[in-house]
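Two complexes follow with chain A in common, the first pairing it with chain B and the second with chain C.
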Partner chain A sequence: MKEFEMREAGQDKNLRAKVGVYICECGPNIAGKVDLDKIIADLSQLDDYQDVELVVKKYGFLCSGPGKEFLEEEIRSNGYTHLVVGACSPRDHDSTFMGVCKKTDLNPYLYRIINIREHCTWVIDDKEKATEKAFSYIRGGISRVLRQSELFEKPLDINPDVLVIGGGIAGMEAALSLSGEDRRVFLVEKTDHLGGISLDLSGLLPGQGEIIKNKIDSVTEDKNIRLFLNTSVETVIGFLGNFEIELVSIENAETTDIMAGAIVVATGSSLFDPGESAHLSYSESDEVYTSLSVEKMFSGEGEARLRSGKKPSSVALIHCVGREEKNYCSGICCSYMMKLAGFFRNQSPDIQVTEFYRDLCLPQKDDQERYTEAEAAGVEFVRIKDISIKGTEVSFEKMNSKKSEQSFDMVVLAPAIVPSADTEELADLLTVPLDESGFFQEVHKMTNPVGTSTDGVFIVGTAHGPKGVSDSMQFARASAGQILTRLIPGEKLIPEVKVTEILEAYCTGCGNCLDVCVYGAIYSDDSRGISVVNEAVCRGCGNCYGSCPSGALRTKHFTNTQLYREVDEALR
Partner chain B sequence: MKKEFTPRITSFLCKWCTYTGADLAGTARLQYPTSIIPIQVMCSSRVDPVFLIKAFLSGSDGVLIGGCHPGDCHYETGNYHARRRFAIVKSVFESLGLESQRLKLSWISASEGPKFARVANEYTEEIMELGENPTRKNIFL
Partner chain C sequence: MSQTGNVLVIGAGIAGMKASLMLAGASNKVYLVEKLPIIGGKVIKNEESFPNLECSTCMVAPIQQDVLQNPNIETLTYSIVEKIEGKLGDFSVVIRKKARYVSLTDCIGCGMCYEPCPVSLKNEWEENLIDRKAIYVPCSGSLPNVPVIDSEHCLKLNGKEECNLCVESCAFEAINLDDSDEVMEIKVGAVILAAGSSTFDLSSLPNLGYSTLPGVYAPMEFERLFASNGPTLGEITLRESEKIPESVAVIHCAGRKEQKYCSAVCCMYSFKFARFLKHKIPSASVFNIYSDVCVPGKNYQSFYKSVEGTDTEMLYTSSIDEVQVSENGPGLKVTYSDASGSMTELNVDMVILAAALVPDDDAAELAEIAGVDLDSRGFIATVQDGSGSMETSREGVFVAGTAEGPKDIQNSVIQAESAAGQVMDIVTAEVSGS
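Right, the complex of A and B next:
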């Protein structure tokens, strides 16, 4: 190995490198597909590197208990400076062998796994070709590992407390799941009371009023929940484990500074304004209501009356208001409209209820049953192409293009669920992107719907997207689960080690990297005129590297030198 | 006997999607030629335009970038950046009269093992038709 390369690898030039190369037979998976003895003989004879000693061995199953012990003992007794393991995919056993390194003096970042099983022996049946490829693959690994540098984990102290924004059902559920002897919760609500929209809903479950009241009482009485009513969030800086937050009172503009390790966003949603609908000539009329105001009537008075005080004898329930404008289905309206139909039938059994819909969406467990019951009880379901409302006159076009008009005593609209008004502002504050519909964007809709690109910020309830009460609560518990497993009181957090750094001497402070970083991990240091990486936030994707015109960036463990060596070696 | 030409395709594979897709091709024992040289990167956006040029000038007969499908990037928008940078290098290749077919960008998800094998096979055939990378013979830098 040349002197300058030794220096580049961060090693003392007087130190002689000793690389241990261990090939796992993986039963017949590797040993049966390549000529291992030939590979070992060829590798042992490599004289590419001066002052580098190679020890090449094979073993049955390196990932087994005895295999790991064997490897540990070998590293100890041979005093390797670097380690290469030719085995399976890093997804399977990278962490296994890193764990072995950690038990010894060998820095785990001076080790490399070479995936000769998935990328070679399993995909090439020809033994000779597979042997050749495995050889050059491992040779590339040796060359790369010699350029790798020691990296050290820097455990960070964490604050286990949590800020919950929004005191609706999702926010309360998250707060109650999280609060405990060793974890405080700061619950911030912009109105003067808890409960949010759930207070206005009717007939969700038997004894619902009691359940919600009990929840509010539990939150209020919980010593570990500090409640901030009439309060909003002013500034947020920090990262998972360490956020600094400034709260401001809406009443008297008084500010409070708090520290928390995680943030749960439960700011809810609002309703689409039917007046904006191009497909619905809606003008506010005395007897046209939104579903929410009818919910309020039922949850308050227990019945829905016209403004004259009479009970309506005919009701039009209009689904899908704003669906075409918003281009998504809210998913819960069909279900609650059928619930309302049931309430109307209960208060006057002879009532004529007509539901106008574009598409029915019945995703919940008992929705289908509710629909069948409603239909059997005489509720009319009319699928429409187009609809317009003037007063309580409903003109509609059916799917067969037949146009009709009908007059009702009462019209109830089910407007789409839309992001609440302050979503954009809050998203900006938390550096969380919004999705196409304007709701907070999750990490992944299937695998992590509560996480966001800002690690430590979670989205629950309808702030994430339209959903019902039970889903909102499930999301709240899911976020609590993630926080409870990651922020353990008294334990430290180990941030990503393979992060990017910016070399001050090369950086011109152009700010290109700031623009491409979705995590906000880079900030501009105006006093020095350069950009700086916040290593606690960086995830090490390396996107910034490609945007840097002056080559000032270095992605640890994936440096250019390392990657170039890998390429060169493979092409030799 | 003249040795059969085996192309060498330097393949920068994103850790989360395409590298895992290639693993899956292995698990399913799908066959593809030895031409593919997998180089793992954290994200397709880590592939600096210079990498493509470097891999080409070092004698790769083809250079492949594998990333997550648009909208599916582990780092949210990395693959969009990768796509733009790739387009730039491709147009530079065209302007310089180099064979831009020697560069390829493919979206292969973690579940698309068969697609990885298919892309590997098809691209290898395409490169075999093109022949060896001319820079292997003519050093022009």
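Right, the complex of A and C next:
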């Protein structure tokens, strides 16, 4: 550990450290609650540090305009090597004083703010105790700042182009929102056509069929979108702003290398296999259909017929197939089943339509009216506790525990929306984790639903989770928004500077750090038997630092030495 | 000169803040207008948010700080948009900055001025569960942490007395009782309406006893009762009796029938309430009276399953609209029809009503000022072209969050980012086209 300490103690051995300590009075908030003159006198007399010159001063409001100018001039004229500011919460003014440092020659990482307002004067009534605590905190800060190192921002050139994986409605919307004169989009689709699952849908909202056709035309005509049909993604390396991607043709195995700054994953979803459900004894040969196959009948032929060619005179619509097994509600099935009920009734006005449901989930603001209309039109809604089918014989138990059986010409199942088959493989390729439901996991469920822990990789549409066409397109445009904000053509990106570094001599290559890194920033260099940090990807969370058994890792600006010395001094 | 690079965002809740940050990140100048003296919106009223019961303040405070510190965002709190004229790319907007009487730059939020103020009033932000002064911040942790003076009730400002106590208590000379409204005119290229929503007026449902029975609570009242920075510092006690409730019924779908839509968030917050109650009062019995469980999306049902049977007993009613709450000695009696249709009674100390989300009280006025259509329910309508576009009936004016309809935080954020994405798409098109 000695080597670290020496490196941290001062960059230039020939330069005598000169630490400026500035205490903000914050009006009466600090000055009125502690004995500032005593703190200044005691700090000035500290003889803990050989070869360190301390200058201690106070000022009315350091965060004010004149306060910042004063501090800037003090740094310049005194030639400080380090700066400590005793003031308020770093949440309030850390960036303020870093900004002051940046105007001078003092590296902003050789400065430290010490919170003596929220931590001392606002919470301690006893002036003597508050004074003592503020003194100790500042002494800790001086000790820490002397062990801090200069850090430098390294702006990176970026590539504004975007790879969109999946040519369904979400992928197309993302591509169209992003493409422009200064930004190309590579749209990769594994099948031989655009449109995805939405092509089979019979229109959830008026005009939606037209929208999909128009989107396909727009994508095909857009000269800034390069379309790769029958193609899959083979390898991905890199980080936000600079990804290198290898594409491979599914037809002839030819590869294409492309570069992009961001990746939008729009690979869609699949349907729960009703055969997996114990209750249903589902068989393709019976007159039992999934909702999607009925959607296809209506969108293709314009009508739904039995395998015998006849139109059904009674239909059972069974909701929530797979909800229990998958432990989530897909959120759109109730609504589209009512739409299908309407189609059946249009086809044969005298048809008997019965919907068997467990809970009505009607989250969109028009859903409930759709339900009221369906009910008024004669669709029967039966709330059930349990249900099983054998062919088109439906056995069910109502909420009041009454059991019944009923036979229908046709049974339509609403299977849960599940992750598409290649989700796991793609997740591996992109180092994006999957969530408990097997969909791609967002970086934050609430505040960043399209981002992932691999910065620069975004998830949209049903690759993120079950959702309808409109929501899928909203997710797509949200990802486009994030990319438009962060990858601006001609501008550079400044990666986090407080990242983790590895001291190779101490690394045993045990791989603990690889397991705890949620950003995929660490990889193993097998030839040297050590771990390596990709600083452009690391966010400095410190997970790996705690996991390293040999002390080979440290997070810049938060090293053990810095932290321990600050705590030791504060508690002394 | 094209004003496409400037954007007006109305409402500084989670949707407005996220949209502003995204636009500002792409070097657009954003005017973020908020009618309250603080930013953060409804989310900061919840101590924890579903589905993972994350601390809301921890989630939102960094976003609030980013907004306040972003050089491209001009945050105008305690301000109202009075006029939006012009067209896409060239809107003229008139904003009234109401007199705050406390300087945002000089005040450091030390709070020394509250104590001397002789006026005591109900704190609306705290659902009237606690008092405030005429000079106040709505809650501890307010951002910006600068008070405002309620000119209607301040003795000096309403002309009742020559009181000057707050001014005298301020060491920073931050209070100016001669402050006046300021009207500013700005030019923007696009507008995003993110003014949020309100909750259903529960007193219009006499069968549920809200506002007549003190043991019956609205959801936001319960959120504040649970919040550690709230009126009881997080202690769940009943109003008037100040007793800790030993049995609680959460009644779902209050106002669903009247509003003709499901608000999609009430089931989840009802289950959250059950978890909260059992966490703070382990001996309490909690019941959820419901007719349908609406937990759409990949993460919600697992939370419901984790609560069902452990934190709450789920009581199915065949008729959620006919549940009755009545007085029963010091407690309450809930009457509902069970699965077989027979009437069942349940005695509890406390009832929480899962109220529908409804259009904000000012939604109609805002729609008129912004020149946009409302939908049949009174929310701001989108173009309904089937693509989920956030554009309203007026070109260049967008909507996001619960101003458009009931939704959770995730969907509010998605709509905000989607609207911001659409605005930037237009900006790019306008710039390259001109």
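One rule holds for everything that comes next: the second predicted complex is superposed on the first by the 515 of 572 C-alpha atoms of A that agree within 3 Å, B and C clash if a C-alpha of one lies under 4 Å from a C-alpha of the other, contacts with A are read in each partner's own complex, and residues count from 1 in each chain.
One rule holds for everything that comes next: contacts are C-beta pairs under 8 Å (C-beta built on N, C-alpha and C of every residue); 3 or more make two chains touch, one makes a residue touch a chain.
Given the structure is predicted, the values throughout are model-derived calculations rather than measurements.
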Touching partner for A:C26 - first (chain B), second (chain C), both, neither: second
Touching partner for A:Q368 - first (chain B), second (chain C), both, neither: second
Touching partner for A:P155 - first (chain B), second (chain C), both, neither: neither
Which superposed partner A:V516 touches (first chain B, second chain C, both, neither): first
First (chain B), second (chain C), both or neither touched by A:R91: both
Chain B versus chain C as contact partner of A:K129, first or second or both or neither: first
Touching partner for A:H119 - first (chain B), second (chain C), both, neither: first
Chain B versus chain C as contact partner of A:D471, first or second or both or neither: second
Larger contact residue set on chain A - chain B or chain C: C
First (chain B), second (chain C), both or neither touched by A:G540: first
Intersection of the chain A residues that touch chain B with those that touch chain C: 91
Interfacial residue positions of chain A with respect to chain B in the complex: 89-91, 115, 117-119, 122-125, 129-130, 132-133, 433, 453, 498, 516, 518, 539-543, 545-547, 555, 558, 560, 563-564, 566-568, 570-571
Parts of chain B lying in touch with chain A, wherever the complex brings them together: 8, 10, 20, 22-23, 25-27, 29-34, 36-43, 45-49, 51, 54-55, 58-60, 74-78, 81-82, 85, 117
Residue ranges of chain C in contact with chain A within the complex: 14, 18, 22-23, 25-27, 49, 51-52, 54, 59-61, 63, 65, 69, 108, 110, 112, 171-172, 256, 260-262, 264, 292-302, 305, 316, 318, 339-341, 375, 377, 379, 384-390, 405-406, 408-411, 413-415, 417-418, 420-422, 424-425, 428, 432
Residues of chain A touching chain C in the complex: 26-29, 91, 95, 173, 177, 180-181, 204-208, 210-211, 323, 327-332, 359-369, 372, 399-401, 435-437, 439, 444-450, 464-467, 469-475, 477-482, 484-486, 488
